[in-house]
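Consider the two complexes below, in which chain A is the common component and chain B and chain C are the respective partners.
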Partner chain A sequence: MFRHTPLRYGTLALLAALALFKAVTADYFGLEILTEILILAILVIALDMVAGFGGMVSLCHGALMGVGAFAYALLTVKAGLTPPLALAAAIGITGGAAWIIGAICARSHGIYFIMATLAFGQMAYSYVFQTPTFGGDDGLGGIARLDLTAFGIDLNDSRTFALFCLAALAASYCAIVGILRSGLGRSLTGIMHNEQRMRALGLTVWRVKADVFGLSGMIAGLAGALAAQHMMFISPGLLSWKVSGEALVVVILGGLGTLVGPIVGAAAFVLLKHEVSALTSYWHLVVGVILIAVVMSRANGIFGWIETRWTARKATRRTGPADAPLKEARTDA
Partner chain B sequence: MPDPGFWTLQALNALQLSMLLFLLSIGLTVIFGLMHFVNLAHGSLYAVGAYVAASAAAVGGYWAGFFLAPVAVAGLGILLYSGLIRRMRRSGPMAQVLVTFGLIFALLDLSRLIWGDLALSIELPALLAGRTALLGIEYPTYRLFIIGLGLAIIAALAFVLGRTQIGAMIRAGVDNDAMAACLGINVERLFFIVFCVGCALAGLAGAVAAPLLSVTPDMGLQILIPTLIVIVIGGLGSLKGAVAGSLIYGFVQTFGAVLAPQLASVLIYALLAAVLVIKPVGLFPAKG
Partner chain C sequence: MLDLSAIESGYGETQVLHGLSLTARPGRVLAILGRNGAGKSTTLKTIMGLLPTKAGRITLDDRPLPARPFDIARLGIAYVPETRDIFPSLSVRENLELAARRFPCANGGWTMARVLELFPRLGERLDNGGTQLSGGEQQMLAIARALLMNPRLLILDEPTEGLAPIIVKLIHDKLKELKSAGLSMILVEQNFGFATSLADDVVVIGKGRVVWSGSAPEIRAAEDIQHAWLGV
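This part shows the complex of A and B:
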């Protein structure tokens, strides 16, 4: 089950303070990067909920985000729905699609689960790519942002939009923590640790998996609808498996199953991408080498590494240095 | 209704695509079956093979590239094995997927660094450049060459895996590696040999594909998904599965594109999803 430690609270507070500070002081380019980080963070915590707490390593979350983006865009541009309705519908549609994928894939495990989700993601990608209604290769433009002028908020201002995305991230985070602490979330973690035993306890395993996958899909749909509003233009490339793969890389870089880690990972990934691509066009090489190094170090990502260090140091302080190696070995295991 | 020649042509196209995919998927599937190692960078090795072939062909003609590419990629495989993969053998599948995912990124940019962003191409030798009359149609000789090469390699692998001692050792290792090790088989060395052969076949596939497609840095990424689909449909670890999966992919893709262009790309993924739902471990897995 998910627990908040002082370290996690501290990191969250620090991240929120940094984001708020940037949202107030940054220039236009800085705000664009901040918004990109926030939207990616929403997507990766949704992925961490299923991958880190349910063992469902999904390679279709990028596609789910794309479904949310296209649903929002089509409903506002072509069907003429008002943005708030379209936003709710996009979240619902993505959640429904994710529920179906989760229900079908629930029987698969390990590499087969990854492949099955990849297949569904690619199916959505190919379908959107080849259907003229979706704009095909050209994509769709002219997407309107949510109109909150009634509350005195103008989302067409990029500073306000960044703050809006920050609020959405905070809401998604709270929702995920709530889900993970509920009976559903506890069942999910139980299934990850021992599916056989949970089934023997009388649990309908596939329903739990599908429900959580659907909820995760809703949050990915929210990320997609925000991404569509952010860029005001979408292309099928949003659904490609490379986006899903990148999301998975971010979760791992940050720390699988820590929920706070993936947010750190999202910030690190986007900043790294922009910093390195400003210096050289070979940023993939840098990201690849960092990824290999992180995995080879056997730490659970950046945040997992910090957490291990933190608990090891606390243990040393409490019990004296003589016991330290033993404690460290135990936290590593 | 199109004439019979049209169907022959499409069937040959499908067969040629199948053989190319087979060359890639057999290495990947046996490596996975034997080592439980998911090498996502297999497609990148194929791209490196294509680049080596293109460079060698520019100097010494097509055949230089054809023979050099498998050797060079096997060499790269040895480097990867001793540097990375041997250390990752004991870690879980997730870590392996991620390390090889990182390798994809790194190899993609390394090949861009070495060979640049522009697409390269290879001149065919005079022997394979023309067209051959076959079953009432004219078909490019080079594509027939690919089909023949694929069939020859299937036959050779079927012989080695089914009739020789090393084949029996590999099958024993796939079935139960701990028991095979107890019987005195050096499983670790077996892994190494299989890994090198798999890499060499990936390099060969790259060299063979280079004249058909233009050689670009992301060709490894483009072929990765079809290869994974092939091995998951076919079932991991078996020659039969790789052959069946390649044929299914090749024919569904080719005839899908001809008969229902709108659905073609969705069709293969729908098929994959159906296979995974009905037989979650593929059609012909090595282990029952």
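This part shows the complex of A and C:
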């Protein structure tokens, strides 16, 4: 069950302040990086909801993001739908696709679940790649951003779009927290701990898994629609298993099942990618070494490590250091 | 109420129950006794659909019992496992809320307030996590969670295992209250005194089949059966 702690609130406040500061002060390149972080953060918290709180480690969330992106692009560019309607439809379509994947994969566990979701992701990738309607290998361009000029907001401005993505991330985070704290979230936690027990309590386990996977897909679809608007161009590569794999790396790097950690992971991953790739084209190697170090340290990612240290420090403050009586004894002597 | 007829069941290739038959009657407590490995817990898991029935027939009110655990739960059969299975990252309140739903066959009008009245200790620990509870509190929570499903039949697997004598007495008193309220129960228990003081009917299981059946006063008098099959 997800619970906020002072550390989690503090980290969120710090991240929000940093994002706002960068959104106001950064140049064009900085704003592009910030937007990339924010969109990736939306995707990875959607993945953390199913993987960290439901034990459903998905390798199709990249594809779900791609479904959202292509749905938005097709509906605006080819079907001529207005961007707000296309955005709502893209979120709905991705949610529906995710619900079906979740319902089919719900009966499998562990490595079989991962492989089943990977298969769905690759099917989506191959279909989009080979279908001329989706632009094939060339992808689709000329994608319009939401028109909010009626509210005095111009999303074609990079700074405004970055702030819009920050608002979308905040809304997605609140939605996920709401889901995890609801009866559905409690059931999901119960299923992760003991699926058989939940069945004996009269719960339709596959339905809970499918519903949560569908909701997670909706948020991944939002990330996809924002990615399409950000780049104003999309290619089938967005649905590739590499995107799903990277999202999983980010969740593990940040801290699985912490919701705050994956946001930290998204920032660390994108910054590392840009900073290291400026020095060497082997940036994946550096990220790989860091990921291995994080996994080998047995901490639950960067944020998990911080949480463990924080808890230990708090416990030490409450009880005093373990060797305090010894030191006092030595002083007395 | 619940009839098991010539049941064969077990774990994978290992068969534990060999043609077991028994009947739980409405409004009564049936105690299933036997030595370790006799097949008591296997019987309960088979009833709950947690183990597949290889042969035989289980009926509830003369209708075949479905195979899937959630369908069985929805027919009003609640199960308190030996392991208690408290969800560790959920609080006491959340553990209870998880089970608080009303199925069409629900019976008994159990609400959160009523289970907390039965187990006041849980009311004091509502916001504590599942891992912060003592063994006795976990058992109370497991029983309270099952009651919130408003069952027609409550199945308990070794409810006193590992508990201090004072908690065993408390659990005994609470189950006696439930019995007085007319709740049907099946009880698997190693503690002979505990089981026979609660039960109306008793079956003794040995080597996966029923070797004796009768009433609680009868088993208390049947010293040869106690000696041969229960090691009392």
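Rule of thumb we're sticking to: the second predicted complex is superposed on the first by the 322 of 333 C-alpha atoms of A that agree within 3 Å, B and C clash if a C-alpha of one lies under 4 Å from a C-alpha of the other, contacts with A are read in each partner's own complex, and residues count from 1 in each chain.
The rule is short, and it goes like this: a contact is a pair of C-beta atoms (placed from the backbone, for glycine too) under 8 Å apart; a residue touches a chain by one contact, two chains touch by 3 or more.
It should be emphasised that the depicted structure is a prediction, and the values quoted were computed from it without experimental measurement.
In the superposition on chain A, A:R197 contacts chain C only, with no contact to chain B. One of chain B and chain C touches more residues of chain A, and that partner is B.
Of the two partner chains placed around the shared chain by superposition, chain B is the only one that A:I104 touches, whereas chain C remains out of contact. Look at A:T189: by the touch rule set out above, it reaches chain C but stays clear of chain B. In the superposition on chain A, contact is made by A:V205 with chain C only, not with chain B. In the superposition on chain A, contact of A:V289 is made with chain B only, not with chain C. Across the superposed pair, chain B and chain C touch chain A at no common residue. Here chain C touches chain A in the complex through residues 48-50, 68-70, 72-74, 79, 81, 85, 87-91, 94, 97-99, 101, 103, 145, 149, going by the rule given at the top.
Residues 32, 38, 84, 87-88, 91, 93-95, 97-99, 101-110, 112-113, 221, 225, 228-229, 232, 236, 262, 265-266, 269-270, 272-273, 276-277, 280-281 of chain B are the ones that touch chain A when the two sit in their complex.
Chain A contributes residues 57, 104-105, 107-108, 110-112, 114-116, 118-120, 122-123, 126-127, 129-130, 241-242, 245, 248-249, 252, 256, 282-285, 287-292, 295-296, 298 to its touches with chain B in the complex. Contact residues of chain A toward chain C in the complex are 1, 183, 186-187, 189-190, 193-194, 196-205.
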